[in-house]
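Pasting the structures in now, so scroll down.
Each of the two complexes below includes chain A, the first together with chain B, the second together with chain C.
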Partner chain A sequence: MTITSLPFIAFLLVLFAVFYIFPVRHRWLVLLAGSIYFYVAAGAMKFLPFIVYTTFVVWICARAIGKLYEQQDVKLAEEGLDRKEKKQIKEEYKKKAKKYLLLALVLCIGFLGFVKFGKYFVEYANQIAAWSGSGRRFSAEWILFPLGVSYYTFSTVGYILDVYWKRYDYEKNFFRFFLYSIYFPHIMQGPISRYNLLGQELKKELRYNGDRIVSGMQLMLWGFFKKLVIADRLNLFCSTVFDGTERSGFVFAVAMVFDAFQIYTDFSGYTDVVRGVSQIFGVELEKNFNHPFFSKTVPEYWRRWHMTLGGWFKDYVYYPCTISGFMKELNKKTKKSMSERGSRFITVVIPVFLTWVLTGLWHGTGSTYVAWGVYYSTLITISVAFHPEFEMINKKLKINTESQGFRIFQMVRTFCCFMGGRLLTTPGSLQNTGMVIKNLIFNFDITPLVNRQLFELGMTEKDFLLIAGCLVVLWCVSMMQERFSVREKLAQQNIVIRWIVVYAAIFSIIIFGIYGPGYDASAFIYTQY
Partner chain B sequence: MKKVLRKGLKFFCFVLIFAVLFLWLQELLRGKWFVGGKENAATTSTYREYRSLEEDTLDVLFIGTSHTYYGIDPMNLYEKTGITSYALGGPSLRMDMVYLSLREALRTQKPKVIFLDMSSIHYQKPMVEARMHMVLDEITLDGEKLDFILNTDAEDLGTLGAIFPFFRYHDRWKGLKETDFQYISGESQDPPVRGHNVSYYQVPATMKIGKVKQSFAVSDRFTDYFDRFVKLCEDEGIELIIYKIPAPGWHKNMSEASRQLADKYGLKYWELCEEIDAIGLDLETDFCDATDHLNQYGAEKLATYLGDYLKQNYDFADRRGQCERWDNDLKEYHEYLKKAWDTRFEAPAFEAEEVQEE
Partner chain C sequence: MEKIIEILSDLKSGVDFASAEGIVTNKIIDSIDIATLISAIEEEFDVEIGMEYMDNKNFDSAAAIWEMVQELMED
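Moving on to the complex of A and B:
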């Protein structure tokens, strides 16, 4: 069951009815039952023990940490303790808490690493076996990749780190915590929600609100439009072009632009659908996109794209790394031996590289994703480290950086950087990436447009026209969303306008959506991560 | 309370407008097969013309597969006997679909006699999905149709698309033609062929009625729906004759199985494949393909033969000169035949497995 399937719509209708029939205080239990059902229906029963395992390990360890902190607070409240003694108590409990934290991290991150990289270890083992001449072969088929494992592991690990850092209190009820972990709108592709936000949302009184339900449905429609009409149509072209065949650089250039829009509409479409679904049940999910193609720099782009993943890495990898003992020590040493700028460069580069290589590995396990991580860390490092030089060039060339034209240039530049990153992963291998680059440079031939072969690569001329129209709609809506809430504005319109917009959205999806015989509209790109 | 009522009314209006728009767009986009199109089965035209007939004005209904719409020429029969009839056929229809067709047919007409061509007896595999839609989309949605859709053994028939063809043919926006818009506006008109498919192709044929086909077996699904078919005719008080239109590919064991079924239900089985000479069919000139179908020459001869039989055995009134529409249509039909004759070499052969939408 995927969110673009009819069984999902049927599931939603049933859940909606049961949810609002139940008394308010028990509605979270309906969501829990519904989420477990969805998880089993979307993946398989065999995946359920793994999410229970990760959730339970994190919950029990966080509970132990929380209890230790409670004991610590009792001790600290005792009279007659001086500062030194208090510090000693704190260190003692922190040390104990750290053991539980490390235990949870090893068990959960270790499990995630195992399911992500296990098959590579088996491959290496087979290579070693072949090299040693033993003739034994190991199978990697038994290594499962549980649905949503990257998402729920990150959500729960974020929670235990926050509890360890005393950002908020631990959750006493396992089932409440399990609901946070398995909550069906975010389990497959995120957003990677924070416990202090989603956990609290799920704890509040989930009351019926007609306006909010209508608004949620509108968001769902917009998400379905992006996914089924734009992303899946572009996929017909992109999957045909990037099949490893040598083609004109012009065709690859078109496919690269389409691919960028495809992944954006695929992922943001999904996020809109699940945020809309969640709103129907009165639960607000975090935003995951903020019009990334309007970004002027790469760092800004990543603050607007998959925001919850970026935020997670920033809070749980980048910042801890920058303030770690190792970095402090390194900073001291480099300050002595290098210029201040050089020292700053070193202390920026290491956390950035670490964060981006790990982000790359989160997305995928092959060499393409390592290259992707290195690519972005290099871009971000350059943009941060050479900022003064760029400023100087702009000044010397008398470029008005506040002008509209320069902003558009910045947006196009950032978009090209994003396409560059996609170029490392979309063709499937670094060898294919090389082939695409070679054709982009040495074989940029527009003959496929002239002889209309371009319209035989999964998308016809009419599909191209439709996509052009859809991208204009996407751009207009995005521009409006930058300024105001489109749904709130729509709600202020009279009923005729409102209904026309809704009917247009529904019938656009039904008519122009990619589904039915010959199409596989069910696959979302980010489900695989 | 007032607020709740207002909201309820708003919701009702929203759903109502949605339903109207949905059905309108569904009619516009769904696959359509007209007379003279690339696909020889013109099911859209067939059912539209059928529904346009005045209620309860048919004397005889011929129902079955492609053999029916190729071999039965109701206008010719009318011209010769004054008997009103209709050829309600579909391409490669299995018995379940023939049964659904009969139910649909009986919504507006109550013929005195129904002739069921037995070709369906040898169709065991599920129909090609697109071909199923050619007939299924013409049948009114009710419990029986829903039951058929939910219990079909055709794995590629999408449930939702079968219930609402909109979901199956939504992608046709790319190929919409003037005829689609004419269809929904009611402007377009089909030649009055009464379900018949005119073909002047001539392919020499050899009859296999004396041979046994090894792989042939009657499926349970056929038996089940044949039973329903017979019971429906009984319930409606309509006489059922099961018969086989002359077809070169019809084998001895198929004929025997049909006869056994007829005996079981106390019905008449009329094996016309054994009456080729009596009908006056010429195997060299009267078939449009080597295995299955009569051409126009053969259909006209069969119409004469059937007309004689009907005249001798039933007391049908001669409606010629009394039924204005049929008389006018007959003139138009002759013009259509002339046109079909003139363009006979452009007509495609039946063989194409891929169903092309108009």
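Moving on to the complex of A and C:
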């Protein structure tokens, strides 16, 4: 059951009815039962023990940490303690709490690492066996990749780190925590939630609110439009083009632009649908996209694209690395031995590279994803380290950096950087990437456009026109969303306009959407992570 | 407080940090600036900023940063 299937719509209708029949205080239990059903119906019955395992390990360890801090507070409240004694008590309890934190991290991140990288270890073992002359071969087929494992592991690990850092209190009820972990709108593709946000949303009184339900359904429609009309149509072209490496560079260039819009509409479309679904039940999920193609720089781009993943890595990898003892020592040493700028460069480079290589590995385990991580670390480091030089060049060339033209240039540049990143992973291997680049440079032939072969690669001429129209709609809506809430504005219009917009969305999805039995394109790209 | 404003001004020119609010929330300074800011604060005030303090609200204005520094110095 995927979220673009009819069984999902049927599931939603049943869940909606049961949810609002139940008394308010028990509605979270309906969501829990519905979420377990959704996970099992998505074909993940065999993976259910794994999500229970991760959730339970994190919950029990966070509970132990929370209880230690409660004991610490009792001790600190005792009268007559001086600052030194208080510090000692804090250190003592922190040390104990750290053991539980490390246990949870080893068991959960270790498990995630195992299911992601296990097959590589098996491959290495087979290579060693072959090299040593042993005829033995190991199979990697038994290593399963549980559905949503990257998402629920990150959501739960973020929670235990927050408890350890005393950002908020631990959750006492396991089932409440399990709902946070398995909550069906975010289990497959995120957003990667924070317990202080989603956990609290799920705890509040989930009352019926007609306006909110209508607003949620509108968001779902917009998400379906992006996914079924744009992303799945572009997929027909992109998958055909990137299936081979011997094509005109012009065709690859068109496919690269389409691929960027495909992944954006696929992933942000999914997020809109699940955020809309969640709003129907009165639960607000975090935003995951903020019109990334309007970004003027690469760092800004990553603050607007897959925001919950970027936020997770910033808070739980980048900052801990930046303020770690190792980095502080390094900072001191480099300050003594290097110029201030050189020292700053070193202290920026290490956490940025670590964060981005890990972000790459989160997306995939092959060398293409390591290259992807290195690519973004390099871009971000360059933009930070050479900022003074870039400013100087702009000044010398008398470029008005505040002009509209320069802003458009910056957006196009950022978009090109994003396509560069996609080029490392989309063709499937670095060798294929090399072939595509070779064709882009040495074989940029527009004949496929002249002899119309371009329209025989999964998308017809009419599809191209439809996509052009859809991208204009996408651009207009995005521009409006940058300025105001489109759904709030729509709610202020009279009933005729409201229904015209809603019907237009429904019929465009029905008429132009790519779906139906046997059609596989509606699988979402980010589910594989 | 003046020292905090001075550090912030070294980090980003053209911003009146004495009155600016929401400097992290409104993306006036980013995560890389925060890393540099932490290093400068630790050196200047001889304090150690742990992960417990890595919250946007502690860095959102010069006053908030100063409040955090005072708390750390008392610890």
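Worth a mention:
Here, the second predicted complex is superposed on the first by the 525 of 529 C-alpha atoms of A that agree within 3 Å, B and C clash if a C-alpha of one lies under 4 Å from a C-alpha of the other, contacts with A are read in each partner's own complex, and residues count from 1 in each chain.
One rule holds for everything that comes next: contacts are C-beta pairs under 8 Å (C-beta built on N, C-alpha and C of every residue); 3 or more make two chains touch, one makes a residue touch a chain.
Keep in mind the model is a prediction, meaning the values are calculated, not measured.
When both complexes are overlaid on chain A, the residue A:Asn443 reaches neither chain B nor chain C. Considering which of chain B and chain C touches more of chain A, the answer is C. In the superposition on chain A, contact is made by A:Arg303 with chain C only, not with chain B. Using the contact criterion defined above for the overlaid structures, shared-chain residue A:Ile511 touches chain B, although it does not reach chain C. Of the two partner chains placed by superposition, A:Gln481 touches none, neither chain B nor chain C. With both structures placed on the common chain, the touch criterion links A:Asn126 to neither chain B nor chain C.
Contacts of A:Asn196 after superposition on the shared chain: neither chain B nor chain C is touched.
When the two complexes are superposed on chain A, none of the residues of chain A touches both chain B and chain C. Those residues of chain B lying in contact with chain A across their complex are 7, 10, 14, 17-18, 21-22, 25, 29, 129, 156, 158, 160-161, 166-168, 170-171, 173-174. Per the touch definition, chain A reaches chain B in the complex via residues 6, 210, 460, 462-463, 495, 499, 503, 506-507, 510-513, 515-517. Chain C meets chain A in the complex at residues 27, 30-32, 34-36, 38-39, 42, 49-52, 54-55, 75.
Contact residues on chain A toward chain C in their complex (touch as defined above): 83, 87, 161, 165-167, 299, 303, 314-315, 318-320, 322-323, 328, 331, 344, 347-348, 351-352, 384.
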